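Presented sequentially are two complexes of subunit A, the first with subunit B as partner and the second with subunit C.
Coming up: the complex of A and B.
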């Protein structure tokens, strides 16, 4: 419904303090939301990483920072190895990756692997976002 | 013209907590909040706030609060702020003051002056968690007597059509048009899940809701919108709407701008045209005329479903109800003074009709005196707020109750009374596709079904406390009610004794 609360809670979850006010008002550089709501009102759509089975971003990554975990299927970028070349952003078919210019690395959805339910799903007030396991 | 009206509400924003996420900006249907892109802050225009709390509830940092504008007028018991503001509003518009929802004036709420009985020592109470407790109610006319085959025990009487509901709580008429399609779908799904009925109102039944038609009361009102043989055949019961508690004696008006393609298709009218429901049915000017329509609808549905009549509670309600029974109705729905609406002239809503408690008691008493109470089921509507109100209504003589405001509150409604504006931030009373998406029917149905489940449990607890194990044993049993703080004449109409007697 276009409230953008998924963005707020994604940013919070990926901040240092994980406190919604501190994450937005105090922490610098600010954390980045990995999910983004696109709008063509009245339509709105949350864009996030699909954790592809054949991840173009992983194939294209020049440094090997982008990896797909064979166990969980989650695609993550190792910020130690990412050099901010944005090749992954160019090849992502969903436009799901974002530049973290403050840190010079790519920011992407990690499905909040440390949580049972990703923050965006847990806080979506209209249950528009759901977590679906499509592991073959 | 310069408006002389002050803001009704004050929006308080804690800048320490505001993270400029603009959730409030997007959620407000009334454009109260706005974002200054350059300064990067969010600010509010309080004069537009209707006090619906959508922004307050959705603010992720609890930075917002809304309070009534504490503006004081010189104290005056006669010229209270509302009276002054109504005059100002009419001086500025020259029109009829419109409002939504139900009567908000401090008329006596009789539910709050009636108390229920419980068993102590001389008769045992029943634990509903251990013993069966029957809430199923059969709606429809009952026969004079029942004959059984002495050999087989089989029913020998030809029964009029009966509709069982698992809980005696039905969703009152709310049309697609007055409320959004997702809101109506929430009601339909919840009715199906809880084993009760919802009412289409005078808006027809949208194609997508035909799978829930088995739980639908299909309404036939003075504009006949959305009525065709398929619609009548699809519903579980058919209701002729004569009147509505919020605006007895007048019709309805859905403005053309709300008649979207979907609303138009469902109502069977051209897109963008005003949907005008006349005040009377132009083919009903007497009980005999009403009988013709009742039987026309019974013919159209092969006598397979109850045909009822909904009226507003007015001064002569008992005699009118008697006439409706004699016209052949299978149920009568009575909508009291506090019944709600999507739009009504304020003066009608606040000053016309009588409280449902008195109307219900008067009708039940009259039908019993005339020996025709069994010929109809009675549904009480207008101002049922909780399970105790439901039970008190049943003790006063109702078979079941209608709820509408309570159902919308379960979906988020704050009773801000602005339904007629079509900007509902909660996505209920609007047809704006950006706003209607706020109701996810799956969530809405869950919330409504939860409400009905909670009330059912409470009703069972209260029944058990009275030592009753079936709801029908309470129906019209006014000895289980006592009055607190009512006059003799009020108690006479209610048929209830004073507490302690």
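Coming up: the complex of A and C.
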């Protein structure tokens, strides 16, 4: 339905305060949502990292910051090691990664690994977003 | 058990080792490196020179990587001889290492042009951490440097030197900088940023002679082909790399510019594979073998080599020239054919030139498929176009939409994006 609440709650979850108002209004630099809602009305589509089996972003990463966890399958970027070259962005066929220009590192979905349910899924009012385990 | 030997410890070697260990946890695996360090991120050497990172933070894999994966690491040793008959390699110190499967991932060497007086004087190349350390030990604020070569390496060393307060002049033989990565328009955006940072850029010029002081190896100036002398304290040669194929001379391994490999990354000799800057591997834009000395292709090629070495038949889908340039405050991505060959009407160019606003997008089509791209400015979803290019997807019906600000998966036909998100 194009409410963009997934973006709101993704940004909040990846902020310092994890407080929806403070995260959007006060924190500088502002956190970034790692999910993006595309609209071609009446169609809307939430795009986030697909945690690919053969992750081009991991293979192409110039520093080794981007890694796929062999246990969980989650692809994460270590912001301490990311050099902000955006090579991962160039090779992501989903366009699912974003430049965090304020911090000079890439921002991507980490499936909210610290939560039971990712923030975008938990707050989707229409249950359009679901979490599916596709581990082979 | 299969014994694996990998010569080269950069992205190609690591990519192969990781792929092998996904399949075979037990076969003895050795990596040999000429450099004295565990794998490090080569592209970070400019940040190191600029004092923005440390050797520890440049590590390409965590310190426990070799141990955890049961990889024997031999550092500071060069491959000097290959014996394909008895399946041994000989290292610098005379050591013989046997193998059942061998990967040659020895990389490239900086090209040093024949310039009068060059070897009598101190000059720097910029390919390894040791190159950066040697330069870091000599550089100080207020010096004048000449960087020969206005490609990606030349620009990255220039950016670091500028941060250190060095006055840099780039001397580029071609009429434009970044001629291999960008077209003239995108290169002009970079040129402007580089010049605004205080760098002088001389194009269509070359250095013909190096002039020294009264004594020692110190450089005093370089003389250009138009006769002018450029005074300088530091001279950096950054005109590119060539495949390091010396150790293959006299063997049966087929070499053209680089070691020729098939779509399995196998050389012409049984059980010998190659990848990375030393290899001439499949380029999906060229439709044939090419040397494309870039980091991601080395890793991908290494990964495919590793899978095949471990016995899992895997075909290399190919790499192509691609770069994400992030320098002097600009983000520019380019891949494939960025300038259609002149007089070839089969190519079609889609262009959005808003350079005044910092945006430039160019997509080159051949037969209705993307064969080249340049994205400058907003680059966040350029990967969608790169993906279409990599997959050879016919884009005729929607190509114009790829230039729009709202480029996204919904720019693609429904059956295409639906297939992607379901996969």
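Rule of thumb we're sticking to: the second predicted complex is superposed on the first by the 136 of 136 C-alpha atoms of A that agree within 3 Å, B and C clash if a C-alpha of one lies under 4 Å from a C-alpha of the other, contacts with A are read in each partner's own complex, and residues count from 1 in each chain.
The working rule: contacts are C-beta pairs under 8 Å (C-beta built on N, C-alpha and C of every residue); 3 or more make two chains touch, one makes a residue touch a chain.
Model, not experiment: these values are computed from the prediction.
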* Asked: Does the subunit A-based superposition show subunit B and subunit C clashing or fitting?
  -> fit
* Asked: With the two structures laid over each other on chain A, which partner does A:29 touch: subunit B (first), subunit C (second), both, or neither?
  -> neither
* Have a look at where A:81 lands relative to subunit B and subunit C in the superposition and call it first, second, both or neither. => second
* Would you check which partner chain A:98 touches, where first means subunit B only, second means subunit C only, and both and neither mean what they say? => second
* Partner chain(s) touched by A:38 [first = subunit B, second = subunit C, both, neither] -> second
* Determine, under the contact definition given at the top, whether A:89 touches first (subunit B), second (subunit C), both, or neither. => second
* Structure fact -> In this superposition, the partner of subunit A with more touched residues, subunit B or subunit C, is C
* Asked: So, A:21: does it touch subunit B (first), subunit C (second), both, or neither?
  -> first
* Computed vertex angle (subunit A) for partners subunit B and subunit C, CA, steps of 10° -> 150
* To do: For the combined overlay, can you note the least CA distance between subunit B and subunit C, rounded to whole Å?
  => 16
* Structure fact -> subunit A residues contacting subunit B in one complex and subunit C in the other none
* Structure fact -> The residues of subunit A that touch subunit C in their complex are 36, 38-40, 43, 45, 47, 50, 59-60, 62-64, 80-81, 83-87, 89-95, 97-99
* Where on subunit A does subunit B make contact in their complex? -> 1-5, 7-9, 20-21, 24-25, 41-42, 44, 123, 125-128
* **Touching residues (chain side subunit B, partner subunit A) in the complex** => 16-17, 19-23, 26-27, 58, 60-61, 427, 432-434, 437-438, 440, 442-443
* **Contact set on subunit C toward subunit A in their complex** => 15, 39, 41-44, 47, 57-61, 295-296, 299-300, 303, 322, 324, 326, 331, 333, 335, 379-384, 386-388, 390-391, 406-410, 417, 420-421, 423
